[in-house]
Each structure stands twice: as C-alpha cells, then as structure tokens.
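Chain lettering (A, B, C, D, E, F, G, H, I and J) follows the sequence in which the chains are written, and residue indices restart at 1 in each chain.
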Amino acid sequence: MEFLVRVDIGWPADGDQDEFARLLSAERERARVLASEGIIRRMWRVPGQQANWGLWEAPDATALHEALTSLPLFPWLSIEVEPLAAHPTDPERPGGR
Amino acid sequence: MEFLVRVDIGWPADGDQDEFARLLSAERERARVLASEGIIRRMWRVPGQQANWGLWEAPDATALHEALTSLPLFPWLSIEVEPLAAHPTDPERPGGR
Amino acid sequence: MEFLVRVDIGWPADGDQDEFARLLSAERERARVLASEGIIRRMWRVPGQQANWGLWEAPDATALHEALTSLPLFPWLSIEVEPLAAHPTDPERPGGR
Amino acid sequence: MEFLVRVDIGWPADGDQDEFARLLSAERERARVLASEGIIRRMWRVPGQQANWGLWEAPDATALHEALTSLPLFPWLSIEVEPLAAHPTDPERPGGR
Amino acid sequence: MEFLVRVDIGWPADGDQDEFARLLSAERERARVLASEGIIRRMWRVPGQQANWGLWEAPDATALHEALTSLPLFPWLSIEVEPLAAHPTDPERPGGR
Amino acid sequence: MEFLVRVDIGWPADGDQDEFARLLSAERERARVLASEGIIRRMWRVPGQQANWGLWEAPDATALHEALTSLPLFPWLSIEVEPLAAHPTDPERPGGR
Amino acid sequence: MEFLVRVDIGWPADGDQDEFARLLSAERERARVLASEGIIRRMWRVPGQQANWGLWEAPDATALHEALTSLPLFPWLSIEVEPLAAHPTDPERPGGR
Amino acid sequence: MEFLVRVDIGWPADGDQDEFARLLSAERERARVLASEGIIRRMWRVPGQQANWGLWEAPDATALHEALTSLPLFPWLSIEVEPLAAHPTDPERPGGR
Amino acid sequence: MEFLVRVDIGWPADGDQDEFARLLSAERERARVLASEGIIRRMWRVPGQQANWGLWEAPDATALHEALTSLPLFPWLSIEVEPLAAHPTDPERPGGR
Amino acid sequence: MEFLVRVDIGWPADGDQDEFARLLSAERERARVLASEGIIRRMWRVPGQQANWGLWEAPDATALHEALTSLPLFPWLSIEVEPLAAHPTDPERPGGR
C-alpha cells in the first residue's frame, strides 16, 4: 500500500549545527536503505522549507510507522500520513474506481 | 518540473448523473492522453472521497495550468498545486539540497 | 488494517425527506452487510450531528474505498479516513511500537 | 459512556531521553491497569507520530478526566476528547437513532 | 452530565419566512419542555447571529442526541457538543480535580 | 452581563511543580472570592486538559478584564471571551429575541 | 460598552439586484438612525468586499443584538462581535489596565 | 501605495456559460483600462484555479475599493487585500526599514 | 488612511517582570506620543488578553510600519494590519461606496 | 518562472541582537546579489511584521530552493512559496489563459 508522507524537520535554528549535520547524514544513509528496500519510492523537497513530500510503500500503517521511527531525526520530525488508494487512470498502477 | 496536485470533484450530489458519467468518461480519456504525454506521472484516489492526488510534470506553472484546464470537469474541480523541488535522497531523480 | 473513519451526511435540510428515508434505510442495510463481513467493526453517532465515527477494517485503502463507495448515500457523504497502526497497549490487538 | 480520545505526546526532542523512557514505561503500566478496569477499550498508534487514538469508557467526563490525569506523562500530553453516542448500526452495541 | 452546546440555525435567508416562523415557534415550545425536564439548564444568544450557546444536562451523549434531534429545526441546525467535567471551584457543583 | 470564558493554563510541563502548586492554590482561593462576589457563576473542567469553561458576570468587558487579570496565574493563561446576550428560552433569565 | 463588529453581506451574486438595491437603501437609512442614536460610532469598508468593520456602542450584548437584528439585511449578514475593554492609552476614553 | 490582491472567481460550474464568457470579456477589457491607468501593475494566474494574484497601486484603500468594484464580475469575486510597505532591498522601489 | 491594527504582546510568562514593566512603561509613553501625532486614534483592550485593537492613521503602509516598529516592545509583538476604506454610513468620515 | 514568496523572520525577541544585526546585514547583501541576478524581482514589507512578500524568478522550484537556502538567515525563516502562471491581462508579461 502506498502512502503520501509529509515530513517537516523541526531542528531549532539555534541548535547545535554539528549535531544536526551528523544526524542529517545518518538520516540520508537510513533513507537510502529504505529506498533500496522499496519503502521510499519518491522524495521531493518542499521549496523554501526543511521539509519533504515522500511516496512511501508498506504493507500497512504499522509497518510504515516502524520505518518512519527508524529515521535518526524522528524525535525532531512532524509527520503527516495520507493513505492512498488505487486510481483507474494512474499510469503506473491503474486500479480501483 | 514536478508538481503535487490535489483535485476534489465538486459535482453536486443531486446533479444529473448521466451528464456526470459522460463528463467523467471524457475526463478519464483526457487523463490518459495527458499520461501518454508524460504530464500525469502518477495518480491516487483519496479513500472515501471523489478526489485524487496526482504527480504532474510540466515545464512551468503556465503549462501546468493549461493541462489542468483541458480537463472536461475543470469547472467542477477544486485544485491545489504544490511545486516540488529535487531532493538528494529521491530514488528516481536525486538532486538539489 | 484498521481505519478510523468520520462520515458526515450532507442531505440538504429542504431535500426530499421520503427519498432520504429510503436511502437511509438502504444505507443501514448495506452497513449491516459490511458489519457482517467484518469491514465495519464499530460505529458511533456524533452527538448533535448527522454524522458518525466508525472503526473500519480492510486489507488496504483501495478496498476501504470500494466499501465506502458501496454506501447508497455515498454522493451525499463527506468522509475523512485516518490510517491506524498497532499500539503496544491496545487491549485487543497489542503490537507495534 | 464511550469517548474517542486523541493523545499527542509533547516530550521535547532535546529532552532527557532516560527520563522519557522511565515515564513512558510507567505510562504503559498505568495504561494496562486502565485497560484491565475497562476504561481503555482500544488504542491505536497514529502512524508517524508520538500520538494515539483511544476508545475510552467512563461513567461521565469527570471520571474520564480523573483517568486521563492519572497518566504519568499527563503534563506533556495534548488531549482532545470527543463524546460518543450509540449508533443503530454499531455491530457491538447498537442503539440510539 | 453537563454539556456545553453551540447551535447555529442555518435557515436560508431567502427561505419561506412563514414556515421559519412556524418552526421557530415549535422550537421554542419544545425548548420549554426540555427546560422543564431539566435537560436545558441555560441558554444564551450569540450576539449578531441566529445561534445560541446552551448548557444541557443528560445522562450521556446518547440521551443528549435524542434531546437535540427532538428539536423541530434539527435538520437546519449545525451543532457542536463539548463534554463538561466537574471543576473544584465551580460555585454550584464543585468536584473533580 | 454574562460572558462565556475559556481558560487554558500554559504552565510548562518541565516548569517548577512546587511553584505551580503554590500558584494554583492561590488561583483557587482567588476564584472562590470572585465566585462569592458573583463574578464567577459556573466553572467546568475541559476533560483531558488543564483548561476550563466558565460563566462569568460583570458590568462590562473592562470589569471582566480586571477580574481576569486578578488571577495569580494570569501570565500563564490563554483566555478567550465570548459575550452572551439574553435568549427568550433561557430557563433562568429569559429575554432578548 | 463598545464592540468591534465585522459584518459580511451574503446577498447571492445571482440574486435579484432590484431587491438588493431596495434592501441596501433601507439598510443605510437604518444605519443612519443607529448612528444618530449613538449606537454606530464608526464604520469602515473592507476593501474588495461587501463587508464592513464597525465600532458599535450598547449597554450590553442583548441591546447590541437588538440593534443588529433591526438591520433590514440581517438575514443575509454574517456577523462577528468582539467585546472591547478600556485601554489606558486610548486617546479618547482612557481607562482599564 | 501598492497592494497585493488575491481574487477568486466564484462563477457557478452550472451557471450560464455564455453570460460568463460575456462578463469575462468585459472583465478583461476593464482590467486593461485599469492597467493603462497604472492601477493594475502585475497579474498572475493561480495554477489550477479560476483565481489570480495581482499587484495593484492606488492612493489608499478607498480608491482601491472603487477600482475593484468597477470590475464587471465583482459580485462573483472573493477578494483578499494585503497592504504592502516599502522594503529596503526591493530592486524597483527600495525604501522603508 | 486608517488601519485596524491588532497587537498581541508575547512577553514570556517566566520572563523578567522588571524588564517587562520598564518596557511597558516606555511603550505607553511612546503610544502617547503617537496619539498626540494623530497616528493612534483609538485603542481598546482585548478582554482577558495582553492584546489590543487599535485604530491607527498614517499616509500609507510604509509610514504605519515605521510607527509600529518605533514601539519599544516591537520585537515581542505579533501584529496584524487591516486596511480600511471609507464607508458611506460612517458617522465621522462618510465616503466611498 | 515567477514565484510569490512569503518570508517570516523568526529571530527570538530575546535573542542576541548583535548577532541578528550582523545576519540581517549579510541577508540584505545576499538579497542584493540575488536581485542583481534577476532572481529577486520585487520585495515588500508586511506592515507590522518582520516579514516580507517577494516576487522571485527561477527556472524551477529546485533553483528557487537553492536561492532561498543561500540566505544567511535561512534557519530562522518560515517560507511559503506559491507558483505563478502567466495571466492574459498581466501588463508586463501577458500570456496563458
């Protein structure tokens, strides 16, 4: 099942920038692993923001939550999840009604 | 440039259902053409709603608007457009910062 | 997978009350079938409103959408779906983290 | 009387993680007691968030408040309570209108 | 149990004014009965609006919903219900914590 | 003139709990005085929150503000005030239109 | 007591323009009377909207409501009322705290 | 003085399309006159919507309102006006602080 | 040109109260000067809040911004500005349409 | 492609004012460079706020994000980006539909 996931990073502007750089690097490494496992399908930057929209895939919301909490920056993230259903005119995976 | 587009169909519940069926059929035909032209990349149904999330691609917002207004149901649609930037950990098209 | 579903019925106050009664009766009959199939697990009235909160279960959002659109009042319904994950202290189905 | 309760945990990202782990453990122990007393009926994780939806049961809002304030993390919780009425097509406890 | 209830009357401005006067008269008669039964405790006009705040009392949300749906104008009403718990410094019915 | 007043207490979760207990005790003492003066008429706990709904009475908004700022916790309070008008079906003080 | 009042006129765009002109003329005549009685103190147009901000004065919310409902366009008006308290640096009527 | 103006056209989807085309043509003619007078400085389409953002210039809000109400579609427009002040790094008209 | 200005003071509850008293005193002195210059016309306290509504007058938004930033508490203020146009039934300065 | 960009500066009121002055100076220098490169086209102050509206131009959202993140105050900025399409009655660059 696919999910549309919006992630906003809430690292404080006056927080430790070295720690942030270290966590961000670990975050991207973890994201690459999730991508290689087919869990992260697409990811886009929200222009002007430390935020992203992502297309995630997981068997259900429990598995998705496990993947999201595996992100090193998770305690600083505000995350909104939208469940997605198949659409008959989707070019890649048409279905549903 | 990719755009995340949310479309809600506002056909009135007590509207003419035959006319709606005719327009919906034309809508899906038009969507197939837009998909074949690489303008509609993905489309998902919002569960429980006559609405969808779509991943659209167009040179700029002017071209995107032209594509959206070509939809036969356009006068009944509420549309929100989010511009998308490249993200370094996007599995398909990594880039940006 | 369980979903928390909020349904608001938008039948117009000056609409045909006989037609509404007929559709509402069909709606309840359909809801009983969905309950017997294990798709509707619980349903509560929102006090003071023609609305309900429901606990629905379906393999994924596509199947849930199919169940929701099978409701006879669907064109008059405003529906919001929240995906639910397992929680370690859920008395019935503990899990997740 | 049943209540739909949404709980968001506001522990700061840069707070003491040992203290949080200690309080979270006490929280879950308390939740198990409330479940055994029939006050917490169901609990679900909101995917991507340190938050949950719960189905609680108590004689009235005063008793519910007493149960909620007994949670060790209460000072860090943002809680929204929705009163629930019986619905005629609820599979478990049908009633009302 | 007490509830704070906000009611907005949505009779259309260009609706039949005689019918509205007839229903409003029936509404007030019904409200008087509910007051005599101890269900409506207080009622205030929201200044500038066809709306009111009310203090209602009922054993639970199911009984409250039954009272609210007994109002002749119910199909035209938008209603929000807030459950109320006892407060230790309430001059009339102190309690809770 | 009566006012519906919503008060949310914003004492920080990691604030000094002894100081909070001291201020809360002074707050309740002050509330009892305001009740004895007929300024606080009713007060209810919002279930699950460090917040209350109150029915206050004062000659005008200036006098109400003076009463509210006399609360020891005032600097930590978020307060919303709704002016109330008389309603013809109020059981206690019917009036208005 | 002074009140800040926001009024939005909801006459439908495709409504009878002669009837609207007639009601608007009566509205302005009524407003002049309310001004002469010292109830309407100031009135401003919200630029771009069929709406106004007004400074009204009345003994209490009940009297204000009576003045507002005396407007011929009242059934088409959306009205929000903000109670105002005296401010120590008000050039005209300093007071309060 | 410059103003940022957002205009949403609310012509009903099932309204008379010939009348809409006639009014839209008159609207654009009027907009050209306002542009030639230096009142409309820039105008952009909101992608996916029958709406625009405009940069307008007028001596004050009263003159701006007069210009906006001169638009033939004014009764169908929802308009939001934001006053703009000079900014020291504006490339065209630097000023202010 | 007149502006309706809403100001909320965001001094932290646990901030230095002596410094706040000093700044508030300077703020009121500055407000008196602005009033004497005809820039602040009226000012009202929002009951229950460290906030005010003000009627300000300035040649344009740039001059208004200069006046607002001259307030000693400016860094702690949240300010919303509404431009006001003349209204034909304003008792003091009728005009516009 | 043009973008309408709203920027709110979130420097804390009790933050280091020298550091803020230094960063603000660097911000304005960087803005001048972006203006000279044709990326910042216009910029306006939001009256009463440490915020601005800007008209930015960039090939796409990825390039815009790069420009925005080059601002020295970026970690303290809240930024909202609206994509703009051509409008047939734009006096400067007419186009689109």
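FYI, contacts are C-beta pairs under 8 Å (C-beta built on N, C-alpha and C of every residue); 3 or more make two chains touch, one makes a residue touch a chain.
Quantities reported herein were computed from a predicted structural model and do not represent experimental measurements.
Participant: If I superpose chain F onto chain J using their CA atoms, what angle of rotation comes out, to the nearest 5 degrees?
Facilitator: The two chains, chain F and chain J, differ by a rotation of 145 degrees.
Participant: Per the definition at the top, count C-beta pairs in contact and tell me whether I-J or G-I has more.
Facilitator: Pair with the higher count of C-beta contacts: G-I.
Participant: Could you tell me the distance, in whole angstrom, between the mean C-alpha positions of chain B and chain F?
Facilitator: 49
Participant: Counting in whole Å, what is the centre-to-centre distance of chain F and chain G, each centre being its mean C-alpha position?
Facilitator: 28
Participant: Between chain A and chain B, what is the separation of their C-alpha centroids in Å?
Facilitator: 22
Participant: Which positions in chain G are in touch with at least two other chains?
Facilitator: Expected reply: 3, 45-47, 61-62, 64-65, 81, 83-86, 96-97.
Participant: Under the stated touch criterion, can you name all the chain pairs that qualify?
Facilitator: Listed by label, chains in contact pair as A-B, A-C, A-D, A-J, B-C, B-H, B-J, C-D, C-E, D-E, D-F, E-F, E-G, F-G, F-I, G-H, G-I, H-I, H-J, I-J.
Participant: Can you list the chain E residues touching chain F in their complex?
Facilitator: These residues of chain E touch chain F: 2, 4, 28, 31-32, 35, 40-47, 52-53, 55, 82-92, 96-97.
Participant: Can you name the residues of chain B that touch chain H in the complex?
Facilitator: Touching chain H: residues 3, 5, 10, 12, 15, 61-62, 64-65, 68, 75-77, 79-81 of chain B.
Participant: For chain D, which residues count as touching chain A in their complex?
Facilitator: 13-14, 45-49
Participant: For a test of understanding, state which residues of chain I touch chain H in their complex under the given definition.
Facilitator: Where chain I meets chain H, its residues are 1, 3, 60-62, 64-66, 69, 81, 83-86, 95-97.
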